[in-house]
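Here subunit A shows up in two complexes: once beside subunit B, once beside subunit C.
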Partner chain A sequence: MSHIPVAERRTKIISREQVFQWLAQLAGEMDLVAPIDVDGYIFYRKIDDADEVVLDYTKPVLSIKDVFFPPTDKLFLIEQPAGELKILPPAHSTKQVLFGVRPCDARGLQVLDAVFINTEPSDPYYTQRRDNSILIGMACHEMGATCFCTEMGSSPDDARDMDLMLTEVDGGYTLESITERGSQLLKRFSLALDDFSTKNTAESALPISRYPYPSQERWLDHFSDNYWEDMAERCLSCRACAYVCPTCRCFDVRDEIQTGDDGSQIYARIRCWDSCTGYAYRRIAGGHNPRPENAQRLRNRLYCKFFYFSQQYGPDACTGCGRCIDVCPVGVDITEVLQQIAGITVGEQNNPEEVGVL
Partner chain B sequence: MYRPKIIAFLCTWCSYTGADTAGIARLKSPAHFRAVRVPCSGRVSPELIMRTFDQGADGVLVLGCHIGECHYDSGNHRTAKRIPVLKSLLEFAGLEPQRLRLDWVSASEGERFSRIATEFCNEILDLGPVRWRVNEDRYRAGKVDKQPISDYDQPVFNQAVLDKQTDDMRKSARELLRSNQVDCVIGYEEDQRGRTRPTFIYNPDDCSRLVWNKNCTHNLAGYLSKKLNPGLTKSSERTSLSIAVVVKPCDSRTINVQLAEKVYQREQLHIIGMTCSGVQEQPRSTGHLPSAQTPPLQGRCLDCSDRIPLVYDTLVGDSPDYIPDSKGISPRALKITQLNAMAPAERMDVWLREFDRCIRCYACRQACPLCECPTCLYERDDSLWVSAANGWDGVGLNEKRTFHLGRAYHLAGRCIGCDECERACPVGIPISYLNQMLAREMETLYHHQAGDSVAPTPFVTILSGEERFL
Partner chain C sequence: MTAVTHNDMLPELGALATIKELGAEIKLFSVRLLNGGRQDYLPGQFAFLSAFGVGEAPFGIASARDNGGTLDFAIQRLGSVTTRLHELGEGDIIGIRGPLGNCFPMEQFKGKNLIVLGGGIGGAPLRPVIQTVLKQRSEYGQLTILWAARHPSLLVFTDEYDEWREAPDTKLHLTVDQPDSKWDHNVGLITELLERVAPEPENAVTITCGPPIMIYHVNKMLVERLGYLPEQNYVTLEARMHCGLGKCGRCNLGEKLVCVDGPVFTMNDVGEMLESYL
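Entry: the complex of A and B
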């Protein structure tokens, strides 16, 4: 993906009405995935009608990951129509535009890219979907109560992972081309857009980091702490945190038989979401489970986010979206863990300089 | 011509022979039957029946021995109790109830077999092809208008009463730990965000962390099985011999069910019962911009009239001076009524639309204080009751429905209505409607309210004279 140098990025201004016109044109040409309201909850979903798109939202309940790494992926099918085995490749993914992607979710895709694209062998299913997708970002108006993207090196208006970026201003949105691909997409549609010139719309005040960011050494030192048992005592091993997470990417692979309406049988190799916080995740043949306790499993998930993944791939496997904090039914809080590892008693005033805020 | 697929589960001791008798007597029986011979009608689990419909059956007929003639004494008592409840559940999910029938045929009753089979077959022919199995990937049809919550009473909490209760609760907890009567107190604390959450206190000096407020929604009895019966949950983590637990009246019902199911011994437990004036709705992350509205009282609290726990050792608080005025009907009760008034197909659309959002995280099950199986039936590697498929060609939606209906059924007569499942669901599936509908059914059919006393679900006991069946 070729990025346009910052100085040469063309910024246009687009009104709300024009956004909907543009989305209608987009939806007519390719698959359009955008935030919509489904019975009171906002989801990124493939849409048919641009009018359904919601422009005022915090963050969808699930991250954008399921567009690229769906809860169930059919890897291939085996049919045996007349005694002869036939292996059928999965359906090709089609060109799609993802509209209204939040910066934390786009960051999450970088984490998935590190695993599924940049590490050999790359995953053809994920790669193809990624290649076929154009990301139109939407900057957040403000940080939510549980958000901590600024701690994770991003920000509510982080445009670097997008192709095009929208930011709300008086009278509509600024529309900025970040990559050549984004610029090309914009050119294909006849939108009479004015250049955005007023540079004086309040400099985006960089949010202050609210939580500390512990170093890798600190994570190493705290592995055997009693703290894990204390904090995980309330954990229900419910996996909700992992399923809403933009970067959790563990899966299980199964071969299953599906019976069609006509009684025909299709064998499918499927890949489905799994999570290290569930009991069965680590169970091995013979029934032994090396991580039988809640505390071990929850600790594993957190070390994966901030230590194992960073060691293996570079970035942290957390984008600070705060969804895990939102959905946890018993109040397990990832930012509390960061404070603990950084050596700050939970509840005390943080001093970012002392603990090295990113 | 439409040829219905009818699966008949026949008890080998009676109705299977009854079918033979009909054949030998050259009585006419319909040809659309596929008979499955089972050792007892009690063997026919709800999963078998649901799966039969999933695979395209137009009707399921279960035939067993007459009551009093079971080869295993009481196998058919269980069938008699279960099938009517399953039938209501399937009806609530949108299946025509006539498609499932239970009846009794003895070995000598060839004529009765032939009559029931013909009758059932004609009924299914009249109904036409079944609509149950789903082939769509995304389900967008059907929507129930959601009653705006603001139409209902805003809760009034008496802060002075809550503060006094907090103090008294801390005192009791401290005393219990100091005198070594218990190893651990399970109560509520506030985290640094000001959210209330469960906490575990081992040291009397930490009792000042305990709080009691309008957000104490968690059912802490759910932790008891893990702490007091580690064998059940395969955990050796911080198990205790004796525990004190803070409970609301609804939570205390959980303890009665757990005691009836012998999860632990009553002596292991010191119950700190709180008098309760209800808890408020907890904020949910929906993706919509946050509203400044005061959260209303929870729907389940509007439906609840218990102010004092049903079982306790220490009671904290006087009778609460605020008793919610439910205006006769809670939003949830209203929605269940609304669903019941729909045509089956319409109701099915509503449920499929709800289940479509399920991501199969199984947080509902994990959060349930009474989902206690060491390995969930639906997650066993050796018996794939539900496929791992989350969604493609509609496969996932069938699986999601099987899971949710099956789980609701397993909780019939056990669910005390704490709604932890619904609260834990990250995508807002109204699981409590299923549970509540079944709770009503259990009350109507068997006069049973879960947790009223230390009594097991009626499914595991024999029929009493006054229970109506069939």
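Entry: the complex of A and C
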């Protein structure tokens, strides 16, 4: 199912120094979010100093989703001056450039777009941030140990969802302009489009999939398997998988009371990340909980990823970034689940030589 | 990309016009929207009510249209939002978002015999169904109301029972699990009552709201003992939800979302869901 469309793209090669000069210009004009090193871990962060940006990294610990769908998002404020209640909508988001975005994370935004933008009614908080953002992608030069984007229809150099794309080559980086918005951004900086060459990017040579991707019928057939209970014996319901996931978007809504210096109180309606693997996720006020068992909740998350979500919104809710495998404290591996549903005994894989080759 | 013109997470403001005690820890709130507000809501739809400073929760709208410019909500004190709402007084301001979700197909119900089964606070979203039928009484067939609760103090809309009983072609049957000394109606489960009083399945539909276990057993009785088909049995399902807009993901039953695909389903729809609502 891996497929990169053949597209006419405009490219040029720029040096590492030019990349940093450009980043400095960008940081001077608008908010810049880019991968930086925080105590040995890579995170996408809003930065002021372009020199902080790292160019050599596999994938940031957290996905880019936080920028568009923050862990805690203020929906509005509720003021009660002299008894008269007023609802204050949030300020609009500002223009920003996201640099060094990995293809799996840009794919993740397409998945979130399907919920928050393309399904009516659109979500204004997410949509405004998307509208105000330009994505500059960075191709991965190799797949990480837990990466499986190629199983999910993408690839380490998938530029589809970017505005501009950088790929490391001998002597610097290939800069490709993917969208009109990307071209417009270049025009405003020293990287003028006039010396870009037009090239036909051939279909990328993708690594061979490790196992067949399970069909929708197979998911239907395996819903009542004991497998889920076996898996869930390990699951701690810690929700780490959902928090690092570029596509998990479930949330909780409640009010917070903020007290000003003068003692006056203002309420904030906030939404926070939540996950269907948590015990209380479905529990209602009367105490009824339709999913009290770990196995039911773990199964729901995995069915959402590969079965429910596509029926509700279109795409699968997994980009193959592998972060859930990285963080799971008890070794639940989403690719093992795919193999199980596809009917392949775990360990009985294709030739490992074919894995992770670009 | 889509231009954002509207924010569906922002509530409108409404005043609590009247608050009436309905039962033990149950109150009926009539909400008047400060801006005049939408009056085009339909039986079965729900809305989120905000108790500012605590949060918001979804409630079935308990009144039919043309309710004197207000929307009614019958609310049992159970969680943090309902506890705060119960502390508020007449004239206090709350937030309201809605109407949301689908509705009972009242047009399709015309000419049919209706059996309405309410369990406890589950009677709330069924009141607009009853009101709609009584208002256009000749448009519908027989109306049989089965109203149940654990205890007489948990029966809702008791002061409307005489009006229901007096309406033409309308019967009301009451039952509780634990009667008190004054109770002179049925004692026992709603399914036992249903078996005794249910009309023939021909040209009939049933409409149920109550705890999931009641919905399950009512449907089982109707299908296995009384000859009804699952598609004749309408239910409105409750689920934890935080947006009502198909975004927050919380109310899924398999690939269905209660907030946008429901809350009204037939038991045929429910039977095809991959996941149980129980």
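Here is the rule we go by: the second predicted complex is superposed on the first by the 325 of 358 C-alpha atoms of A that agree within 3 Å, B and C clash if a C-alpha of one lies under 4 Å from a C-alpha of the other, contacts with A are read in each partner's own complex, and residues count from 1 in each chain.
Keep this in mind: a contact is a pair of C-beta atoms (placed from the backbone, for glycine too) under 8 Å apart; a residue touches a chain by one contact, two chains touch by 3 or more.
Remember, it's a predicted structure, so these values are computed and weren't measured experimentally.
A.B. asks: If subunit A is used to align the two complexes, do subunit B and subunit C fit next to each other or clash?
C.D. replies: Because the two structures are overlaid on the shared chain, the partners are seen to fit without clashing.
A.B. asks: Just checking: does A:288 make contact with subunit B only, subunit C only, both, or neither of them? Give me first, second, both or neither.
C.D. replies: The answer is second: A:288 touches subunit C but not subunit B.
A.B. asks: Return first, second, both or neither, reflecting whether A:42 touches subunit B, subunit C, both chains, or no partner chain.
C.D. replies: In the superposition, A:42 touches subunit B alone.
A.B. asks: Is A:55 in contact with subunit B, with subunit C, with both, or with neither (first, second, both, neither)?
C.D. replies: neither
A.B. asks: In the overlay, answer first, second, both or neither for which of subunit B and subunit C A:252 touches.
C.D. replies: Once the two structures are laid over each other on A, A:252 reaches both partners.
A.B. asks: In the three-chain superposition, say which chain, subunit B or subunit C, touches more residues of subunit A.
C.D. replies: Touching more of subunit A: B.
A.B. asks: Once the two structures are placed together by chain A, how many degrees is the angle at subunit A between subunit B and subunit C, based on Cα centres and rounded to a multiple of 10?
C.D. replies: About 80 degrees between subunit B and subunit C, seen from subunit A.
A.B. asks: Return first, second, both or neither, reflecting whether A:169 touches subunit B, subunit C, both chains, or no partner chain.
C.D. replies: After superposition on chain A, A:169 lies in contact with neither partner.
A.B. asks: Is A:77 in contact with subunit B, with subunit C, with both, or with neither (first, second, both, neither)?
C.D. replies: It touches nothing on subunit B or subunit C.
A.B. asks: Please work out how little space separates the C-alpha atoms of subunit B and subunit C at their nearest point after superposition, in whole Å.
C.D. replies: 6
A.B. asks: Jot down the residues of subunit A that show up as touching in both complexes, subunit B in one and subunit C in the other.
C.D. replies: Subunit A residues touching both partners: 252, 254.
A.B. asks: Taking the touch rule as given, give the residues of subunit B at its contact with subunit A in the complex, in rising order.
C.D. replies: 55-56, 133, 135, 138, 143, 146, 191-193, 195-200, 218, 222-223, 234-238, 285-290, 353-354, 357, 359-363, 366-367, 375, 379, 381, 384, 387-393, 395-396, 420, 423-424, 426-428
A.B. asks: Which residues of subunit A touch subunit B once you look at their complex with the stated criterion?
C.D. replies: Residues 35, 37-43, 45-46, 56-62, 70-72, 74, 144-146, 229-230, 233-234, 236-240, 242-244, 252, 254, 256, 258-259, 261, 268, 270, 272-273, 275, 278-280, 289, 292-295, 323, 326-327, 329-331, 333, 336, 346-347 of subunit A touch subunit B in their complex.
A.B. asks: Of all residues in subunit A, which touch subunit C in the complex?
C.D. replies: 75-76, 78, 80, 85, 87, 89, 115-119, 121-125, 127-128, 130-131, 220, 223, 249-255, 257, 265, 267, 269, 271, 274, 276, 281-286, 288, 290, 300, 303-304, 307-308, 311-312
A.B. asks: Considering the complex alone, what residue numbers of subunit C touch subunit A?
C.D. replies: By the definition above, subunit C touches subunit A via 1-2, 4, 6-11, 13, 50, 52-57, 78-79, 81-82, 93, 95, 211-212, 238-240, 242-243, 245-250, 252, 254-255, 257, 274-278.
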